[in-house]
Amino acid sequence: GGSNAVADTLADIQQRGKIRIAVDLGSPPFGMTDAQMQPTGSDIESARLVAEALGVELELVQVTGPNRVPALLTGQADIVMASFSVNAERKKVIDFTDAYGVIQIVVAAGSGAGANATKPEDLNSVQVGTTRGSTNDLEATAKLPGAQLTRYDDDATLVTALVSGQVDVMASSPQIMTAVNQRRAADPLTVKIVLKTNPYAIGLRKGEDALKAKLNAVIAENLKNGKLSEIYNRYTGVPLPATLPKT
Amino acid sequence: MTYTFDFSALLPYWPDFLWGAVLTLQLSAVATVAGFIVGTLCAIGRADGSPVVKAIVAAYVEVIRNTPLLVQVFIIYFGIATLGIRVSANLAAMIALTVNVGAYTCEIVRAGLQSIHRSQVEAAECLGLSKPQIYWHVIIRPAIERVYPSLTSQYVLLMLASSITSQISAEELTAVANRIQSGTFRAFETYIVVGIIYLVLSFVMRGAFSAFAHAAFTRRRKLGTTL
Amino acid sequence: MSPVVKLSNVHKYFGALKVLEGVSFEVERGGVAAVIGQSGSGKSTALRCINALETIEDGTIEVCGHAVGDPKLDRRALRRDVGIVFQSYNLFPHLTVEQNIMLAPTCVKSIGKSEARELARDVLAQVGLSEKAQQYPEQLSGGQQQRVAIARSLAMQPKLMLFDEVTSALDPQLTGEVLKVMEDLARGGMTMILVTHEMAFARKVASQVIYMHKGQVWETGPGSMLDAPKTPELANFVGSGL
Amino acid sequence: MTTPTFSLLHVEFLAWAALWTLGLSAIAFIGGGLLGFGVMLARIGPSKILRRAASTYIQIVQGTPLLILLFLIYYGIAIFAGPGFPAILAAGAGLTIYASGFLAEIWRGCIEAVPKTQWEAAECLALTRWQRMTRVILPQALRIATPPTVGFLVQIVKNTSLASVIGFIELAQAGKLINNSIFEPFTVFMVVAAFYFAICFPLSMWSRKLERKLNVAGR
Amino acid sequence: MSPVVKLSNVHKYFGALKVLEGVSFEVERGGVAAVIGQSGSGKSTALRCINALETIEDGTIEVCGHAVGDPKLDRRALRRDVGIVFQSYNLFPHLTVEQNIMLAPTCVKSIGKSEARELARDVLAQVGLSEKAQQYPEQLSGGQQQRVAIARSLAMQPKLMLFDEVTSALDPQLTGEVLKVMEDLARGGMTMILVTHEMAFARKVASQVIYMHKGQVWETGPGSMLDAPKTPELANFVGSGL
């Protein structure tokens, strides 16, 4: 299956003067809404950068985590910028640009269950929350075989579950943990295990070589001039590593 | 169209589909039985209770019938946790579905109760039956028999609506579908398969309900009246 | 010997409508009282008051030792002693004939299933419907349904039976079947009060006729009183009625 | 990052989202009504094939969860009709199909509730099939059909909440978004529920009133 | 002159039930045929076959030049020539009397509104209901509704009128009103077939009586045949019928 190489999305984008970028507003701080209920987050800012660099208008297409690949394959969006971690399964069906950020997958817990976990076996039969269909899910499924994985549809629901106390352990990013802790002052989560450090990149359909080259150029330039790092730092509280892993 | 269909990618996942379907059926079965009991009690309360009971039941029914199940599911799942009680997603889903279908059952059963003529109750009173006996032997059984088709439809709808509980991590059929499609990236194919499974489940459920009716409503069977 | 039923000065209103205005009569053990009168004269209401299906505004009713007007009345105890049969049968449509009859004995008297079934067989034989035990009400003719209703009351072995125009929904042939059953009961010594339009039957079976008019007992006496009415109202009623 | 608490601003945001809910409901009701009417005509029509097809359609729509239907439409439209389809159209199409399946069946019941003798009488007056339908049967069925139709409208309004799963921002999705920035699930979803109730309850009452009126008129 | 209606050896089954078994008769222009017979003998079915409301299994029916059995039959053309009135009136409850009558002429014959209204006025006068034009059916008595139903059929100016027990739901007084209308029609030269239980009326109005029994035309002849039945079945029917 998959797609063929006839389409030239870059030409399409330029012709219509508009790029449709899929973002996930349910995954703070990469994608979320501000106090005025406007889309915000590092991915949204980065998306603006990309649209600007291409000299086209930006149209945000909202997707949820599990819908990111389908959104591409079915043409709902031209590209996906939604803390889209690069992994082998995804690469079978879609293409990634170079990385423009990194995201860790960690297990974090409060003072309850999993408080003393240092290795995956310590989490056997412990309830661990994650986001259905995300790389976190895949990673946790693979590395925490004994844990009781509880999968929510998006990060927002995961955060709500952690804040409300439905689960006390999560397998997700440190950024999610920060978001949780802002609302969970009494029993903040701390990182127990780092499962993986993943680069994330812009997702696009296979065979879009022109578009990919163009996007890679945009990323390279904005890494060099520090704009991407500034955005990343502003939202996640830490600067980007000097060199990003290859995708 | 730049899309090629590929159902074969789903083949390895058949046990997941199966377990999803099983959990969907479990959720529906529990909610059906519990919702039936809740709804019937509420219907009796609304027909025969004190003004306070009547008002409470009316409020319950109206609130549930006029707000979306999705929102009810969220309120129950997170609301219960906010109160400091931790329940599993499956249990929360069962509670939410029960609360939801209980309100609908109440309305349906109430219509059934109203269709029982007063003279039937009088006759039973004159035979010296106590109130609970009258309710059980003379009112509820024939009332349920009368509204059985509506109840059947309602419970099949409930089974379909249980897909919403995937949102709070209940691993039923739709949740399984979401997971599988994000592993295989065959969203369209996955949902087609799941859609078909739901169709089959609803036929199975209708079949089960009519089998139950066949066994329970002896008069219908004997006189050959259809439900 | 005290009477089985005794009404003294009973008043009953429906809102502003005065339906019973000082009704008094009594029926001895083994007596058969036929209540006659025009439509709306309060016959059914009187019967329903005796069985505590209606409350009364004034006066007293004593039935088999129960003070019916008393707010502390044990209705279920009263109804174990009194059977009532309505014009509209009121059988339970979802139960077979046998189940209809067994319901009250098993529920109320806590009799065992098999004993109750035997009881049902007996009373069904009494009304001549032994072979219909397994049928459902809607499979029976009106007369048969009415006889099942009588059997259902009999199964509780009441001390008093009330009949409210039990034949008026039936055609003459079916009426005959039901009247025969009632005649048998009267001959068997059952105390009975029957509201009826069948003058000939009243004359033949009743030990006492009660003519009601405008919510009052207008005239009462033995069956023969129908042949020599004292009041012009009864004369008129008897004249037009038959 | 600061975490704001629930404020008037959020209520206002929800109110706007409620408008989207209403808009989506309107699309679903109008679209579903038109399509459902067509399906209903096919369902009771003279052609056996059309009848079979309509009945299959109804069974499939009624036997598939709306959630799955929405996913299928969302991805299906993109696959078959090309990219760039706004979520509102996907949501509208999904709800339209859903509503058509149920409305067709509701209305069929109402039309069949008009006595058969009315069809016959109209037939004997040499009216065409279409004339019989529009001049004799529909005006009578309309009266019977109004209460259950209004009742079903409530279902549609409530079920628009599922459009949130395909990213359409209506009331439920707005609730999720707000909750996502302030994390007060209980408050947020209570307010969301209140909004739905404010829309649906009057409709429910209206439907009941119509039904009572119909019962009193006694036919 | 060819007959307006001609049935030859008509057979009609409902599943296994043989309802018509070789029915033949004909009615001349201006003739009035009264069809009598016991309940279930197939009278209504015969009428419904003539109007193509039922299909037939065998035989032929010719009505005003239309071959009714023919699958290519133009039903609407047939029904423009044939009016039928049922026992249960079947007026359209959502339309006024006038609208009921105007519906078919405007829809089928494409007559203008004002002309149709005049037509309605005429036929309403014919059945003596001029003042009821603006009423709704439920505001009328049964007899009036039945007369409106007749008027509605008349407005199509049919060549043949069928009446199926049009008076049997009415009390004697209302029956009289309707029979009078039908008598007027007969006198005006309308070809009519009427299924009726009114023997006296049949005798008086009918030019031809058709006695049906067990799905067959058992006996037929002029009205006087009722006074001298040839078959024991008719003798029995006439004897019991009146």
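All chains are identified by letter, namely A, B, C, D and E, in their written order; residue positions are counted from 1 within each chain.
Here is the rule we go by: a residue touches a chain if its C-beta (ideal position, glycine included) is under 8 Å from a C-beta of that chain, and two chains touch if they have at least 3 such contacts.
Remember, it's a predicted structure, so these values are computed and weren't measured experimentally.
*Asks:* Moving only from a chain to one it touches, give the least number of moves from subunit B to subunit E.
*Replies:* 2
*Asks:* In terms of CA centroid distance, which chain is the most far removed from subunit E?
*Replies:* Here the answer is chain A, farthest from subunit E.
*Asks:* In terms of C-beta pairs in contact, which of B-C and B-D ranks higher?
*Replies:* B-D
*Asks:* Determine the centre-to-centre distance between subunit A and subunit D, using the mean Cα coordinates as centres, and give it in whole Å.
*Replies:* Distance between chain centres: 36 Å.
*Asks:* How many angstrom between the C-alpha centroids of subunit D and subunit C?
*Replies:* The computed centroid separation for subunit C versus subunit D comes out at 56 Å.
*Asks:* Determine the centre-to-centre distance between subunit C and subunit E, using the mean Cα coordinates as centres, and give it in whole Å.
*Replies:* 51
*Asks:* Can you tell me which residues of subunit B touch two or more of the remaining chains?
*Replies:* Each of 3, 78, 82, 166-167, 187-188 in subunit B touches at least two other chains.
*Asks:* Give me the residues of subunit A that touch two or more other chains.
*Replies:* If we look for residues of subunit A contacting two or more partner chains, we find 67, 70, 74-75, 153, 157, 160, 164.
*Asks:* Sort out which chains touch which and give me every pair.
*Replies:* According to the stated criterion, the contacting chain pairs are A-B, A-D, B-C, B-D, D-E.
*Asks:* Contact residues on subunit A for subunit D in the complex?
*Replies:* Where subunit A meets subunit D, its residues are 20, 25-26, 28-29, 32-37, 61-64, 67, 70, 74-78, 153-154, 156-157, 159-160, 163-164, 178-179, 182-183, 235.
*Asks:* Considering the complex alone, what residue numbers of subunit B touch subunit A?
*Replies:* Touch residues, subunit B against subunit A: 2-6, 9, 77-78, 81-82, 84, 86, 89, 166-169, 171, 175, 178-179, 181-183, 185-188.
*Asks:* For subunit B, which residues are in contact with subunit C within the complex?
*Replies:* 119-120, 122-130, 133, 137-138, 141-142, 145, 217, 219, 222-223
*Asks:* Which of the residues in subunit E end up touching subunit D in this complex?
*Replies:* For this pair, the touching residues of subunit E are 51, 53, 75-77, 79-80, 82-84, 86, 88, 90-94, 103-104, 107-108, 152-153, 156.
*Asks:* Would you mind writing out the residues of subunit B in touch with subunit D in their complex?
*Replies:* Contacts found on subunit B: 1, 3, 62-63, 65-72, 74-75, 78-79, 82, 156, 160-164, 166-167, 174, 177, 187-188, 191-192, 194-195, 198-199, 202-203.
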